[in-house]
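See the structures that follow.
After this come two complexes, each holding subunit A, first together with subunit B and then together with subunit C.
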Partner chain A sequence: MNFAPLTLELLLAGLILIVFVVDLVSKNPKVLAGITFVGLTILFFLNLLHPWYGTTFQGTFVSNSFTGFLKGVFLLAGILVSLGSLSTAEEQYRGRVGEYYILLLFSLLGMLFVVSARDLVLFFVAFELMSIPLYILAAYQKDSEASIEAGLKLFIFGTFSSAILVMGLALLYGTTGSTRFDVLAQTLTEGEALSVLGFLLFLTGIGFKVAMVPFHMWVPDTYAGAPAPFVAFLSVAPKAAGFAILFIFFLQVFANLALPWKLVIAFLSGITMILGNLLAIPQTHLKRLLGYSGIAHIGYMLLGVAAGTDLAIAMVLFYFVAYVLANIGAFLFAETAIQNEGTDQLSALHGYAQRNPLLGLYMLIFLLSLGGIPFVVGFWAKLYVFLAALKAGYGLLVFLAAVLTVVALYYYLNVARQIYIEKPASNDPVRVPASIHFVLLISTLGTVLLGLYPKLIVGPALEIARAFVAGL
Partner chain B sequence: MKGILLMTLFAPLAGAILNGFLGTWFRKKAHFPAIVAVGLSFLGSLVLFQWSLQHPLGQEWILYTWVPVADLRVPFGLLFDRLAAIMLLVVTTVSFLVHIYSIGYMADDPGYRRYFAYLNLFVFSMLLLVLANNFLLLFVGWEAVGLCSYLLIGFWYEKKTASDAGKKAFIVNRIGDAGFLLGIFTLFATFGTLEYTRIFEIVQSNPGYFSGVLAAATLFLFMGAVGKSAQFPLYVWLPDAMEGPTPVSALIHAATMVTAGVYMVARSHPLFQEVPQIGTLVASIGAFTAIFAASIALVTDDIKRVLAYSTISQLGYMFVAVGLGAYTAGIFHLFTHAFFKGLLFLAAGSVMHATGGELNMHKMGGLWKKMPHTGWTFVIGALALSGIPPLAGFFSKDEILASAFRTGHTLIWGVAWATAFLTALYMFRLIFKVFFGNPRDPALYEHAHESPPVMTVPMWILAVLSVTVGWLGLGEESSLFHRFLAPTLGHLEIVPPMVEKEAGLGLILLSVAAGLAGIWLAYQMFLKGSPNPTALAQRAGFFYRLLKGKYYVDELYQTVIVTPIRGLAVLTFRLVDRILIDGTVNLTGKSLAATGNVIRKGSSARTRTYLFWVLLGAHVLLWFLLKGR
Partner chain C sequence: MTVTPYIGLGFVLFSIGLFGVLTRRNTVGILMAIELMLNASNIVLVAFSRMHGNLGGQLFAFFTITVTVAEVAVGLAIVIQVFRLKKTIHADEITLLKG
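Here is the complex of A and B:
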């Protein structure tokens, strides 16, 4: 048995054990967060500098540059959130901080496995390993009714979607008699009713996870209720995993299936963009607004999936880096507002730029990136995904997306208006915990730097996508 | 070298960011990061200059591909050659001195840190303009200096005249910039690239082949220069720009930004060389502007505006030179002018500082006794400007006059020569009125005092430079300055009269005589009172009123351009914007919000409803997938 391709996963499992043991000795949140942060950072750089590529478990576990890139994105999200959660953990999770980080790491471990799995059983187990800790984490603020509700909602929808997904996988197995992706790809050729249903159930299950319309409804409630640092994680990492799964399944498993899946995805992309953007407009709370805007972003990225070319894959990968930085930053800004004002209402943000200019600037850059203004990274991400979709022949949809981008500017800049133009109600300075400040700084620098030099990610992403498509 | 070049370029940007975003940390110490930043740039450009002595051809650095869109690939590239070295020296030296001077001048201004942030940003933009290796990046710097100019002219934006002047500068420049952009488009459409070296290579390897399209391109580019460098007919913004703080006038509106047009023409000389007709046009506009502005300066009473018209006039000289192909002479005049005109503005600022912001020369007089440092440095600057040997202006102006004469453009030479006379006349009119004679306003005279050393020391440094930098125009066979720039600007030019010994002597004597005659006439009229200027003005009648009214160009623009456009705008606003567009937009917005609200009601927070939607969605998809069979 060749364990080398599993090294990263094994190291992460080791990190979980370390946190577990340390938690028995010390309950100090700073220590636990520090270990998680440092451990994940080391893993991130190991993955970057010394990736362990290869295949093991009779070809059902694959580690290559494509999975390596995604794992980098997951780890980056983990790094930022582990530090960004510290102040919340110190104040509200006293005595339970160890479990918090262990759950976060377990979910990460599930993500690492899920993008490498090339077998239905391994895939589903990894998928659940990723999802279940999230339910608990959403309800982690035990004394907050909203948090409990968010957790419960996420749990109900999550298990519901998992049930649908596993039913779909079972049908796929039923039609082909195999759980291996490569065998599935060869056998799933004609669109007989059973495999079509299997496909549909799979799409519905994943649709939940990535929050595409009409499977998106858990998003706003969960985002609004759950603790913000966790939402920062929830809104990016599982989504990235979901998209990776979509790519792997559509381009590998369903590659020969005679189904108009590209049209389906294009259609879903369109309504996801429209609904996400429209519903974001009337929102009065920042987290809920970011939730809907997140749905809109999912719509843009689905455009890339619908295109399905190597260029589109590369650009979706790039989009994720942009999205991770700006979205985590924006949610941590929301967390700062909640810690200071007790609410994330937009009207509570009045004059934040006066009360703390640096914080205002950070958020402005995140908003610009989410809105897609040159020359922050979000601009290039949108531009490139749109270009890729245009080349694949989705002119009308790209036009719609471009129009909706303008609509999106309205609500993003509305937030900026509250922060910059409205007069503040009080002049107390806004306190930003050092840990959150650090994460905000990193995200801002990343957003600006990649905005000035997008090639840093675009170049490798293109190579990876080409290799991925070639290796199918 | 790359590191030093980057530091030179980006240090002021860092300073601007520090002061702009974190300025509250510095408060009254805002000058500190700004001066450190510009000081670093200054040191950097000294090192770079040293380097360029050993590397005559300079070097290009491509940092990264800035715009990769289809065929358009524009690098963020820097070109450092000897022309850039000269520009760098001018920009950083004057900036550095102006920054120091500003500590005193702006001391109690509430916008202290905003001021230094803008000033730093300006220096960065100007350096970017100078160091760019392609037209697009040049244009970025070009627009950025324009923006800084706008911000600094309207620095005291509570004052209506100041904010109006800022807007005027911005809008008038926009006209020129539209032409400039067209020029860039033409170049890109023809050559498929915007990098200097590549375009020049193509042009130089096919002499005469591109002259048609280059005539259009250079004409468009020159339009940009006309706006930025305040030439006729777009010069109108520069006199009004004097509403800004005086150190800003010294730096931006005398020494650096306004010379960007001259620099641009010199930089693209391989293009202009291909089309001599356009060059003649450039020179003619320059010559006309020179005498036109000088004649207005004769009757202007506002000391800063006299200097502004003088700047316009001197920029005209520079365009005469670059238009006639004497690029080095043009850059040489740019170089010397930066120092003595910067000095004159700083000295004028010192006078304003002493007199509580008074600008009218008729209220002054006898200030020499009160402020000897300002007086001395002002006279040095004025002598340099009037072309009196051995001060700097003499050398550079003489080269321009000689190149006009030698290339057979006698009319242009005559106009430029007459302008030299007018220059001396209006400068010494100002000096005699301000510094000599009897005090005309006793209260003002009593109040006047010399400025602090933080202001006078930079003035003296500039005064020393104004005396000495001209000596670079000396040398055997070819002047030092020529030899230095030859690798970049070529040898195609006229030998300067200084070097030419006997043959040039006549020309030299003529131009010196013009300057001395101007000074002598000013002395007779404004100090001795005979011939009496008032009587002369009355006798001149119509002509005097024409000059006093600045040829009524502003009024002409107001009637012919501004009023009709404004009328059209109001009409469009009422009809198209209010009714048609606002109506549509409001309708769209309202319907979007209404839709949003309706859907929101549809998504009430009930789990059962959610799951219903999910199933409905899944069924729609299923129907879609199966409908084909």
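Here is the complex of A and C:
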């Protein structure tokens, strides 16, 4: 048995054991966060410098450049969030910090497996390994009604979608008699009733996970109630994993299935964009606003899935990187506001730029990136995805997306207005914990640097997407 | 032996579960309905396994059972904590966060 392609996952499992043992000896949050941060950073660079490509377990576990890139995105999110949660963990999770990081790492482990799985059983178990820790983490502020309610909502919608997903997978198994993706791809050709039903149930299950309209209703509530550093993780990493699953299933498993799935995805993309952007406008709380804006971003990325060309895949991969940096930064800004003001209401953010100019600047850059203003990375991400979709013949949808991007600018710049133009209620300086400050700095540097030189990611992403499409 | 009745049973149970999730107002009731949906998939998996004459489906069902147990453990813990804080498990009264 060849274990080499599994090396990254095994190392992460080892890191979980290390955190577990250290947690028995020392309950110091700084030590636990430090080990998680350093461990994940080492894994990130190992994955970058020495990826373990190959196939093992009779072809049910695949590690290639496509999964390598995604694993890099997940690890990046894990690195930023492990450090970004430190101040919250020190204040509120006393005595339970070890479990917090272990759960975070388990969820990451599930993500690493889910993009590599090429078998329905492994896929389902990895998918649940990714999801179950998230329910616990959402309810981690166990004395806060908002957090526990957020956890309950995430749990109910999460398990409900899992139940639908597993029925879908069962029907796919039923039509083909195999759980292997390559066999499924060969056998699933005609759109007979069972496989169509299986396809629809699968799409619904994943739709809940990536929060596409009409399966999005858990997002604003969960984002508003759950602890902000965790939401930073929830809003990027599982979404990226969900999109990877969509790519793998649509381009591999359902490749020969005679169904107009591109039209279905294009339609869902359209309503997701419209609803996300329009509902974000009246929001008065930052986390809730970012939740709806996140739904809108899912819509833009679905545009790339609908296009389904290698160019579009590359651009969605690039979009992940841009989105991870800006979104984690924005949620950690919200966390700073909550720590200082006790609320993430937009009116509490008045004059933040005067009270802490550097913090204001960071947030401005994240907002510009999310809104898609030229020369920060979000602009290129949107532009490239739109161009790829345009080439694939979705002119009308791209036009809609471009109009909605302008609408989005309204609510993003409204946040910037509260921070920069409105008069501050008090002149106390805003206290930013060193750990959050460091993460904000990395995210800002990444956002600006990739905005000036997007080729750094776009180049490799194009090669990876070409190899991915060619290797199917 | 034909497996069609078993698959039909699975679909019926799945639909009952789906209906329960959508109509139940008691959080534990919702949990039970979700459980019913997951077990319906198990019946379907095992029936298909018999139909195709391979063990893939039965293996899948075992994994589903295990994962479901983990899910329910987490879910009940959350429901208990909700009850401790709010003294209710009725979904209509858990409305601090309004979608």
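Keep in mind that, in the parts below, the second predicted complex is superposed on the first by the 472 of 472 C-alpha atoms of A that agree within 3 Å, B and C clash if a C-alpha of one lies under 4 Å from a C-alpha of the other, contacts with A are read in each partner's own complex, and residues count from 1 in each chain.
By definition in this document, a residue touches a chain if its C-beta (ideal position, glycine included) is under 8 Å from a C-beta of that chain, and two chains touch if they have at least 3 such contacts.
Note that the coordinates shown come from a computational prediction; the quantities given were computed from them, not determined experimentally.
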Partner chain(s) touched by A:K153 [first = subunit B, second = subunit C, both, neither]: both
Partner chain(s) touched by A:L200 [first = subunit B, second = subunit C, both, neither]: first
First, second, both or neither for A:D143, with subunit B first and subunit C second: second
Touching partner for A:L358 - first (subunit B), second (subunit C), both, neither: first
First, second, both or neither for A:D221, with subunit B first and subunit C second: both
Touched partner set for A:V406, first subunit B, second subunit C, both or neither: neither
Subunit B/subunit C common contact set on subunit A: 153, 156, 160, 217-218, 220-221
Footprint of subunit C on subunit A - complex, ascending: 120-121, 124-125, 128, 132, 135-136, 139, 142-143, 145-146, 148-153, 155-156, 159-160, 162-164, 166-167, 169-171, 173-174, 177-179, 217-218, 220-221, 224-225
For the subunit B and subunit A complex, residues of the former touching the latter: 21-22, 24, 64-65, 68, 592-593, 595-597, 599-600, 603, 605, 607, 610-611, 613-614, 616-618, 621-622, 624-626, 628-629
Residue ranges of subunit C in contact with subunit A within the complex: 7, 10, 14, 17, 21, 27, 30-31, 34, 37-38, 40-41, 44-45, 48, 51-52, 54, 56-57, 59-60, 63-64, 67, 70-71, 74-75, 77-79, 81-82, 85-86, 94, 96-99
Subunit A residues touching subunit B - in the complex, by the definition given at the top: 153, 156-157, 160, 191, 193, 196-197, 199-201, 203-204, 208, 213-215, 217-218, 220-221, 259-260, 264, 267, 275, 278-279, 281-282, 357-358, 361, 407, 453, 455
